[in-house]
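Across the two complexes that follow, subunit A remains constant while its partner is subunit B and subsequently subunit C.
Here is the complex of A and B:
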């Protein structure tokens, strides 16, 4: 079993805007591309051109239909990756100490050289955010691009996770959720950012911004006609309209 | 409990080198940084400096590494050795391949150039391929626009000098209401995602009008789940509401459009044309004097309400039509599947933002009549639409209606509104007209494609008035077919109607699969023989980078490179990458060398042009002018000083115009693979009428003299075709087309029922397709990452149909149209118009193609709707089979499809199933890496 560090002041994480995510999967493959050549073992694919292709992804987008009691059904795109929980059950369950949470910034990582691929952490994670790489036999998960965000070989503007850098809609935000003055914390405060499944007691760092209320067009009052065209005829309408030039 | 934090390297070296080029996964053409380590591509990300994507990149672009290493890449030229369609090939050398092509083509050029047809699919070098075909002398050239979105493009150009996507975009930084019609994940995809993000960040609103609530419609603040094919009616009803309330921009209409022009109402051969002065300039009545004067007179104030010699203005004709009861929300609600209250609310919200939330920029500018304005005033409502409303047989008129709506609101080329991207705006009359006069051994008489102004510009043979082109573009059947009709090439060639051809050359066009209507039939046509045992299309040359379904149906394969192994230019002569604030173009260059014996198709064409002695590509003494495509990109001059690339000309400092610069490509590479020139502040809006913009455009080489114009609410060229149908033109349509021309070529937007509705009540549902964002406009299924995201395509069924049929998860259905039947897996979707079913397009693959294993889900459960769609409509009893196309442009009416559905027992695999084709490449390995 592995211990968690004392809660860090700095809590790096993602804020994902469900009002803006169009479900394009850009973050999914940008993550795959970076991490296939980045931290730890590559993200392998099995039966890649065959009948049952499957591979390791650290970030996936799921789509859910929601049918409200009134109004039109909706589709919500929901990107899902490790939430870097403060009470990370995937860490405490790890028999070898391979799963750990960094004391410095709260990022949850897997030390692949200590990972025995037992899969306990994936069972413990209530979010399904970990995937065992079938080729390397080690547990893979979102690293928050720990090899990008501090990387002095990258321009400062690029020191963000690959998913955030690539998101075309700007639906993904990265920052310190431990700092109430950070841009991400402000965004969470303004938009009512949510924890995922708080009842699990995992205290995730990542937050989701809920979709804004939808389908309220009919609250707009209809336009008032210039006049009763039936009564005045087209000529009357034209006179009234052109008087306003 | 233990705790151990290993030391990790948080600053690893990212790569050896970054090479910046242009993506080719779709038509966005984003800038990319390609990271190389030990000479191999290891990572691809967006280029932050690039004007299109500003650093972001979509799922396709980010998976580019899987395209460059895909096992489906063709490896070497091939010659067919078995029957066509059998997939039996032998690999041959390039010398042999080019020798064969020359042997086939040279005699055709010398004797009958029209017997060679050249059509391109996802070609991004059309200014080059069209020049090549023109130089060859065949009238038979076009790209894929005819089965894509020509309705949107042509309607935009005829109405206002450009449409959406490559022509223009919403003012994303200022617009407050964005209304999106139809499937639109398909063009301008990253800029739209970025734009929606910006609008939402500012608290603006997005309204989606689409039968299907996915993608952008899923994040839309309001969703209008319209019935397919009725968008034009909805738009005209919104116009009805706006006019009734006086919520149109009268000042804008009188100054910048032909709303104040007078329409001749006297009977005769000019009825319905604009009244003109002796010099041919349309006349308006000046409110200051009451005199009839040319529309461009200095200081003129056109009177929208004028009547002159019994002739009224365009505005009055429009208002009278659209104020009519036919367009009232109550009258259209049922047909559109949208409640009247919702239509009224849509109009009210549009009007509120347009007229109560105006934007003002402190920027003076001077218009073409010489008046200086001290502000730029804008109305922050914008629209976008592409294939969704285009791909219907009423698509041209629907797209016209949308453009007219924008103009009535005064929201085109103003702050917060729709903005053209240079080199647009460019009205129809400033484009070429079609050219189709061919002679043995001679180039064609001009560019193939263009914008007819009347029947005199149709591509009809001068002797017998029969179609000059194999696709019958620019004929009475579809007079304004500005992008050709690629979907009719194979059926027409096989039918010998209008004539037989000898050699068909296709580039990146999967015509034996997802790019054809009636796929099974097309496969049969490609293998059909005449009485002599010869193929009806005797020779087919095909170029593609991948083992697509089309490969098996060609006789000679010229393997192309992937996008990272080639030179390309995304040129201002063609379809550039400009943004509203910038003119911009870009290149691709070989950031890695091919590891196979393949060549970029454009370089192959340069080589072939030299062998064939095509005039534009050889010197006066017959030697090849260009070494390869890169050499052409630098040294070709379309007009003196104007070439494919507009940056770094002359000694490296000239922009737009300048002598060829031998170091131009290196300069582009050093600049990130693109060049951008900012539009001056004074020229950024009101471009069609803005002197500063017109002068800047001339300096850039877009055109040679300023060419201001006014928007064509009333589209006079269309009226000229109606007049011909009424008997008033020396060129006369065949009698069986007269009524249709009169009805559909209305110079003011109309709505008519899509032709597919004739299928009748037996086919109660509409069936649609869209491409997923992660595969739009791209080769997706052989991509190991993307196929894990979209490997199957169920037919999505709305709740009412799902329940009526008693469907359960995992069920299959038989889907039947007047043209055929398919059996496919179904899935339930609630956020869907109740009369509509849909699926992802082009996920289904033929067994053996794309280096997928034959039991891949794409080949066993994946399917195409194409089998249900015929390129010809059912016979009507008048002896004629009408093309399943828009009668104005010939755009393929993919979305007119009507079907019926019934639950069936699950078959072994989706039906129809075709036998596997042998793969022209070795089997893929199982796992990666």
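Here is the complex of A and C:
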């Protein structure tokens, strides 16, 4: 059913730290690896070893350069996957009911056996979080690794999304953003976690932690005191004597 | 947005077909017998050809019937219902006019309204998208209506067709112009898209060296450079030339066909631009629009 459920108390999502992401694309690879073998159709590639390769990914890392008013430009790596919006426009446009938002935890999913591959949901998403798989003809999107996070066959430490588990910089955090006391909510409160394109009214669950302001070197020379040599003892007497002559 | 031929064919042909059927249903051209056969045949033919074309861009067209399930929320689903209802109700009206030489004004009027509702639902599929500011405006349904009504009047051979075509031309020009500034008006920028507003943001490196579905589908920059010429071609062919032809040439089937040919060329050019010029906000993430 493509009507949105009433807002759930539990809002599972990701918090992505733009300060610590090093742009290694490990999450991209881990995401593709995990989602190639479990939930739904595999993520196909076209012309993978040819001149014009292209493929389906649920998570992609952009890189932006931010030039402040003063000071050096900063490079910010920017991973982007589905933000599991509370007011998900991709769900309501779907004619078949394939796209839905789970009432229990807010995860936005696609029932691939009902999807006709019309692509309208990808048009409705402002963030480019949905890609139509060119081999299967069905819509693919981040599942928040729904087949990991509740999976009792996995050791507890692995019951987080593949991208979160993999990130070597610890830049991706997974948790319940509906619970103000959860670690992710605390992190968002502490670091001023932000919504992407809030003017679209999608009310994303995922939050991005802005890069911290860069430290600035004070205008001091730490070696300066060492250069101001005060002669003492015999050298001091000589210094004073020579000054007088 | 990518101007996919299937979607251009679909929206132009079915819009024209439903426009013609609406005129016939309203009794604006009270035809019976062979004339009705040709007129209704053209209406049904265009509408159905358009609907069939629309299935070509589906990844899994064999499941198309599922598109009837979500009419409560989805304009695409409502369009499926409206088109089937309009064609279903129009069928007895057409059959009665063709085979029994009898008009059915009441049922015809209801079916005509359904035809116009179908055009509305088609336009709302685009209008509803906040992600494409150029479409997300009342001018989109108005433009689709204008095409259906003026094109329908042209095909039905109505006397007021030249006036309706003139109005359509004016409105096409206006909506081309009005759409130009809307993306900026809505305030979507790379800074709001990334939240990195503490300085000047620029895309440094894309996430992938090649292209992808998103870029093929939503970021269409080729061809926009000819946009102005194409706008002129669209308005001249869709509105001016057919109106002039209808006024100057002697009335008859040949004139209608000439005018319709002009109109179709212009309508296709205009619809191509409708897609090609529409910028999706996701382009911001790629440093493009």
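Just so it is clear, the second predicted complex is superposed on the first by the 218 of 245 C-alpha atoms of A that agree within 3 Å, B and C clash if a C-alpha of one lies under 4 Å from a C-alpha of the other, contacts with A are read in each partner's own complex, and residues count from 1 in each chain.
The rule is short, and it goes like this: contacts are C-beta pairs under 8 Å (C-beta built on N, C-alpha and C of every residue); 3 or more make two chains touch, one makes a residue touch a chain.
Please read all numbers here as calculations on a predicted model, not as lab measurements.
Trainee: Examine A:83 and indicate which partner it touches, taking first as subunit B and second as subunit C; both and neither are also allowed.
Mentor: The answer is neither, since A:83 touches no partner chain.
Trainee: Quick check on the superposed pair: does A:200 touch subunit B, subunit C, both, or neither? Answer first, second, both or neither.
Mentor: A:200 sits against subunit C, while subunit B stays out of touch.
Trainee: With both structures superposed, pick whichever of subunit B and subunit C touches the larger number of subunit A residues.
Mentor: Of the two chains, more subunit A residues are contacted by B.
Trainee: Contact-wise, after the overlay, does A:167 reach subunit B, subunit C, both or neither (first, second, both, neither)?
Mentor: first
Trainee: Is A:24 touching the first partner subunit B, the second partner subunit C, both, or neither of them?
Mentor: Once the two structures are laid over each other on A, A:24 reaches subunit B alone.
Trainee: Using the touch definition from the top, say if A:127 reaches subunit B (first), subunit C (second), both or neither.
Mentor: It touches subunit C, and subunit B stays clear.
Trainee: Figure out whether A:54 sits in contact with subunit B (first) or subunit C (second), or with both, or with neither.
Mentor: It touches subunit B and subunit C both.
Trainee: Applying the document's definition of touch, where does A:97 land relative to subunit B and subunit C: first, second, both, or neither?
Mentor: Both partners.
Trainee: Touching A:115, do we find subunit B (first), subunit C (second), both, or neither?
Mentor: A:115 contacts subunit C only, not subunit B.
Trainee: Under the stated touch criterion, which partner chain does A:65 make contact with: subunit B (first), subunit C (second), both, or neither?
Mentor: A:65: touches subunit B and subunit C.
Trainee: What is the shared patch of subunit A, the residues that subunit B and subunit C both contact?
Mentor: 1-3, 25, 28, 53-55, 57, 63, 65, 67, 73-76, 92, 97, 114, 211
Trainee: What does subunit A use to touch subunit C in their complex?
Mentor: Residue positions touching the partner: 1-3, 18, 25, 28, 52-57, 60-69, 73-76, 78, 80, 89, 92-98, 114-120, 122-128, 131-134, 136-139, 194-201, 208, 210-211, 213.
Trainee: Which residues, counting only subunit C, touch subunit A once they are in their complex?
Mentor: 1, 57-61, 63-64, 66-70, 72-77, 80, 125, 128-132, 186-188, 190, 192-196, 198-214, 217-218, 280-282, 285-286
Trainee: Given the complex with subunit A, which residues does subunit B contribute to the contact?
Mentor: Those residues of subunit B that touch subunit A are 1-6, 8-14, 37, 42-46, 48, 53, 55-63, 65, 71, 189-190, 193-194, 196-198, 200-201, 207, 213-225, 241-242, 244-247, 250-251, 254, 287, 304-305, 316, 319-320, 323, 341-342, 344-349, 351-352, 773-774, 782, 784-789, 791, 829-832, 851-853, 855-857, 860, 924-929.
Trainee: Could you please specify the touching residues of subunit A with respect to subunit B in the complex?
Mentor: Interface residues on subunit A, with respect to subunit B: 1-5, 17, 19-26, 28-30, 32-34, 36-39, 42, 44-51, 53-55, 57, 63, 65, 67, 72-77, 92, 97, 100, 102-103, 109, 111, 113-114, 135, 146-147, 149-154, 157-158, 162, 165-171, 211-212, 214-226, 229, 234, 237-242, 244-245.
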